[in-house]
């Protein structure tokens, strides 16, 4: 059983190559391969669900020599998110991508991206983290430019340059860590760091990682690429980028490195919260000014990741829980929103809110799901977004950050405003003349959308059934990073 | 005139075989000497680059069309993956499941040889592709330079 | 015929590189050489098979010391000009004629000229070699040809043509 | 032995001077080409010193790469792109 | 009987409505009406039952305990009855109103779920549950208003959701703060003294939520657009009745149970100021309206002022008056909206100037409207008179100059109310009927007839309630209102025997009559004016139109002469008063600046990153 | 290490050195090519030859021989390519050069 | 220590080139310079004075190998990161080609349709 851990990475990776090989000879095989890979991945994630934390050494070299994969509550959380979301997105993508040429390339890049994310989430080796991070990033760069329109290329290039810089910075930080500890195995490194490291160096490494992962997770002021990149990709990829990439590559890596390897320090917490607060406010204000549906959503991603960052940076039990919870929720409702925007674009051919309207009558399923997602991102009970925001706010008050708490509440109100606008202009009101003929999206797209919509409701209400097992266990690991040394090393 | 002067062409004719052999040699013996798949792949790619320089694109693409280049690319990656997966026959992912023959021989390293070949193929294919892309890019740049000179 | 020749040459180079005669190495070499032949035999120059002719081989072997002697001479010549305080040079590009036919022959000629005293082949168009001469003695093409080309042409004709 | 290496490095520095000083692109190209050949010699001396043939591999590789590089630059000098 | 029945029943009925196929005619309507009447019946039965509490443990993330606490106390029982009643009437009315019209499949489910949410609120015994219900009702209101026709409806819905959402967020803040500061958010466990800043902040936040739901100044501006473009039954259902009940319920809850506010303290003064402002401002705006629905909506706002004022007095009679006024207002205001709806459905317009002489053709509607108008204007013997009288009494008992100011404001308010309702009555119903050419196409075609009985029945019932609660006021006061106050200071209540005090020619009675007279004077003054201009014109219909215009005009001139108020009134018509627009403008400026910064130049973004990195390393390594 | 080897290497290095000086001293690209190509080629070849002498008949020396052949082929070719390229690119000869037949002829062709 | 300093100079040079230069190609070059500065840094980390290459040769004992040979890891890392860099470079080139086709300019400061 534990033997199967590498398949999280191996299967999507292999499928990517197989797909490229076969699709040259067999037309239309790509969707099936991808679906197979994603379903298998979900099945695997469910098999591993609740499994005790353990490490798996590739090729049976005992760590710290070999490369290890580690399954622990934190990886479990992310692995679950990735597999579930990517399943929904894949379902959506199958009909949606029909309109593009070179589909096989798309699916291979898509699988590479998934493999990269799984690798980042599971690896127990610092350099390996970087490698998988780069795999996922490069795939996403390429996917952003997939439509080869002017704007998409521009966005992709900016994303590429900024992302490249951040990767370089991360690599530098890893190199410094290696120089300081003489190992790349995370657990080994953590142990070595416990014994002490030059104060200045440690803080420099912190700064580098903050910039690197901060850019990957689009914290202000490293956010500028996101509002260009995320809308430019095809809708399924936008969903993946906003729903998963910024989390797996940004927040998760940050948590893993800061809390479990380096050991968090107060000033870094403060900085994280500051960045998070800035992102929340600036992101939401920019979002309010948007009329392009996807661009609006992208800006909201910035502000929502701000919530997560604030929660995590608070580093109180409640705060971290709220952060992780919001991470999960945002993954769900933001990918859902992007998928809905894709569905609207698919049927109406535009994503300008001013040219839409009354869609809920013509597309009840997609429209309804969109409405649910909008409500849950705006933190309206009983949808999932409400709970995580509530927890974060309470955590802030509990820690006596009254001002930041008020800001958080205010931002969630601004989010509400902005999504009222979205619903007003897209779902309700009059159906424009030229849209009279439109129909509900294809069944697979609807399926993908509805899965996520159901989760939006379920995640909030059913917390007692999954919360302790998935979220609180991860929280506990973050709070006692010492555990990691027990199970991640012989 | 397609390519470069006949002197360069002739010399290339004479060298190409050696370069080819050398690249493969480096690839095969990567587990005994430095280099391995990556260096070897680059060597091979350089051979094709030399062909392209001396004879022009048609010749080198005649040897290896871009379609097959991409196929090789994927094939290399796929092989590597397959070897890693076959590790399960030895009980562990990525384990070296082929028993090692006489030390310091060609087959002394089990799967590493295969991995080297896979990497070599992949690197060769992708470097060659990158080179072609770069030459097109170069044409663009020079074209731009001319246009700038004009105005 | 030519393919077999190329194959053997390649196998030899392979053995030279691996420097072992163990079976796996030889098998690998065989396969690789085969692949090489299939890929490149149309590029490998046909003239080489002629080397198998013993007379040509003989002249080739004779040619080597002559050539090396020229090379060493040229080096001392350059060294003299380099270290001489006021650099005794009167450079210029001259045109000389060759009667060689095959490209391989012309290539070897050009390279030989480049490596020998005071001359550097810039280009070869039909039968004209354009040579940069570091110290032009006379402007007369005949003399130039005599001085620069003849000493190698004689051998190369016998080797390749 | 050390003397040899130092001498080689001296030559290398002359070449580097030419690379830096130019004045024309061909000058730099020549210098780079020569540098390549010098490095081959350097590798030879290394393998003489260590008695390992891997340095010879490096030497061959280096000679090859520098030849290709020079060819490319020469072709570029003519103002042509690499693939025509 | 399990008190959760009041939540299950409407929820289940709504679900049934949702899934039942559209083919079956009137199926949804039938289900809704049956469910509502069953609800009403059960609530009557519950009224006689003893109090009970119920706790459903869910999950808890310390310090938050997300288990669901409910309680059935007198206040909830009393409210449940009227929630049921108004839902029933609305369902009935909607049956007629949407006859041969298309209405969303979701309309009846949402109405029923609104009832579900509302009963959740009144049954909640912990503020978390209350919050859930609160936001749920807001949400449904958003969707219900959005069911109206056209962009305007969705805009109105958006504005509503934005403003109520904002105040819900305020409530959220307060609710979240409770367990952190006072260790619990169980309503029955909370008895907070307003002496710490925290307590005051929490109170104010909750207060904001309450008055926004009820629609008091300055959170009123969502009601008029909603009333104008939302589906009319919805307006009669929520902003006119249910939201008042809920808002004032929360206000009463926090002022009477949760917090103890010393009488005459600054907080109570603040409450009363808000009440007084609401009364006067809203009514001033109301009198210059020409659209029936807008006019009604502004009156709906101004009446809230009386309730707030009454509760603000802090003395039993005032509070009782406030609560009673809440009840009365819900009754007559929904009746008024119903009749407005009837007029709109028959004539296709609600513009006062275009309507006339409908009284002959729609007698029942006219009578209902008459009764409701009189009782909203506080004319004896209708219910409005009683509650206003009690509020005045409460103010009088305040015995300090500031109370007298409030008193004057309240009187002036009711005077203007009367005046504007006289105009309303005369305009559409009396007066002479238009010739079709002089009227707009849709207005008053020939052969107008009374509306369908399903629409009449609710109006009739409500009118009867108006009269009944006026003549036999002691019944509702002693049955419904009294026991609520009993919780806190029953002894005080019995000391003033309302039952006998009813017809006492106390000062309050005189004041009320006086107010009415002033109102009448206003009205007749303006009439005489227009008579004088009447000679110029020939033809009655012009006469009607002109009179209405001149009435409004006169008031306008009259008020403009009053300097400050005049200017303020102009502004308020431009919508400057609307905090929604204000904050919107400020926000957009900030947005503009931010968008300028993102100039799309890669180097800029890179520079941000590098500077960011520099600052980070500086902060981390130097500080 | 035998004296032959030392001598070979020393001579080789001497030529290398000469070549590099030439690279520095000579006035134009063509003369520099003359100097450097010849000398450095021979110098390196001599060093490689030294290897052959030192190791006798083994993997290293065989590679050295390969390398020699290699350099003999490539160095002059490279020189030719560079000179041709630079001449075609129009980089002038040294102003005290005697003649330039190549330019004359190529120009005639181009006309 | 000096070499590390030079290395960082190289890095900063690349960064400067990336930010200050408008021409798209120059930006790419700056990027590449940065990457190589980092790779060089890693190599320097792995380098041991007088160390022998990390290949286990027949005539050498394990022990001496371990304590003499330079750290093999950095080379592996650098190789990997070079490959990655190659991938990024190829992608950049491909994208910038298309960018030029669309925008008819290599001036990155004119390629700014996406803003706000």
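In this document, chain identifiers A, B, C, D, E, F and G correspond to the written order of the chains, with residue numbering beginning at 1 in each.
Just so it is clear, a contact is a pair of C-beta atoms (placed from the backbone, for glycine too) under 8 Å apart; a residue touches a chain by one contact, two chains touch by 3 or more.
Only a predicted model underlies this, so the values are computations on that prediction, with no experimental measurement involved.
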item: Lowest number of touching-chain links that must be crossed from subunit F to subunit G; value: 2
item: Pair sharing more residue contacts (C-beta pairs) when C-F is set against B-F; value: C-F
item: Inter-centroid spacing, subunit E versus subunit B (mean Cα positions, whole Å); value: 78
item: Centroid distance [mean C-alpha coordinates] between subunit G and subunit D, Å; value: 22
item: Whole-Å separation of chain centres (CA-atom averages), subunit B against subunit D; value: 22
item: Residues within subunit B bordering two or more other chains; value: 4-5, 7-8, 11, 14-15, 18, 22, 33-34, 134, 136
item: Interface hub residues of subunit D, defined as touching at least two other chains; value: 52-54, 57, 60, 64, 67, 71, 74-76, 79
item: Sequence positions of subunit E contacting 2 or more other chains; value: 595, 598, 600, 602, 606
item: Parts of subunit G lying in touch with subunit E, wherever the complex brings them together; value: 15, 18-20, 22, 27, 108-109, 111-116
item: Partner subunit G, residues of subunit E touching it in the complex; value: 595-596, 598-603, 606-607, 610
item: Residue ranges of subunit D touching subunit F (in the complex, touch as defined); value: 4, 7-8, 10-11, 14-15, 17-18, 24-27, 29-31, 33-34, 37-38, 40-41, 44-45, 47-48, 51-53, 56-57, 59-60, 63-64, 67, 70-71, 73-79
item: Subunit B - residues contacting subunit D, complex; value: 2-4, 8, 15, 19, 22, 26, 33-35, 39, 43, 46, 49-50, 52-54, 56-57, 131-132, 134-136, 138-139, 142
item: Contact footprint of subunit G on subunit A as seen in their complex; value: 127, 130-131, 134, 138, 141-142, 145, 148-151, 153-158, 160-161, 164-165, 168, 171-172, 175, 178-179, 184, 227-228, 232, 286, 289
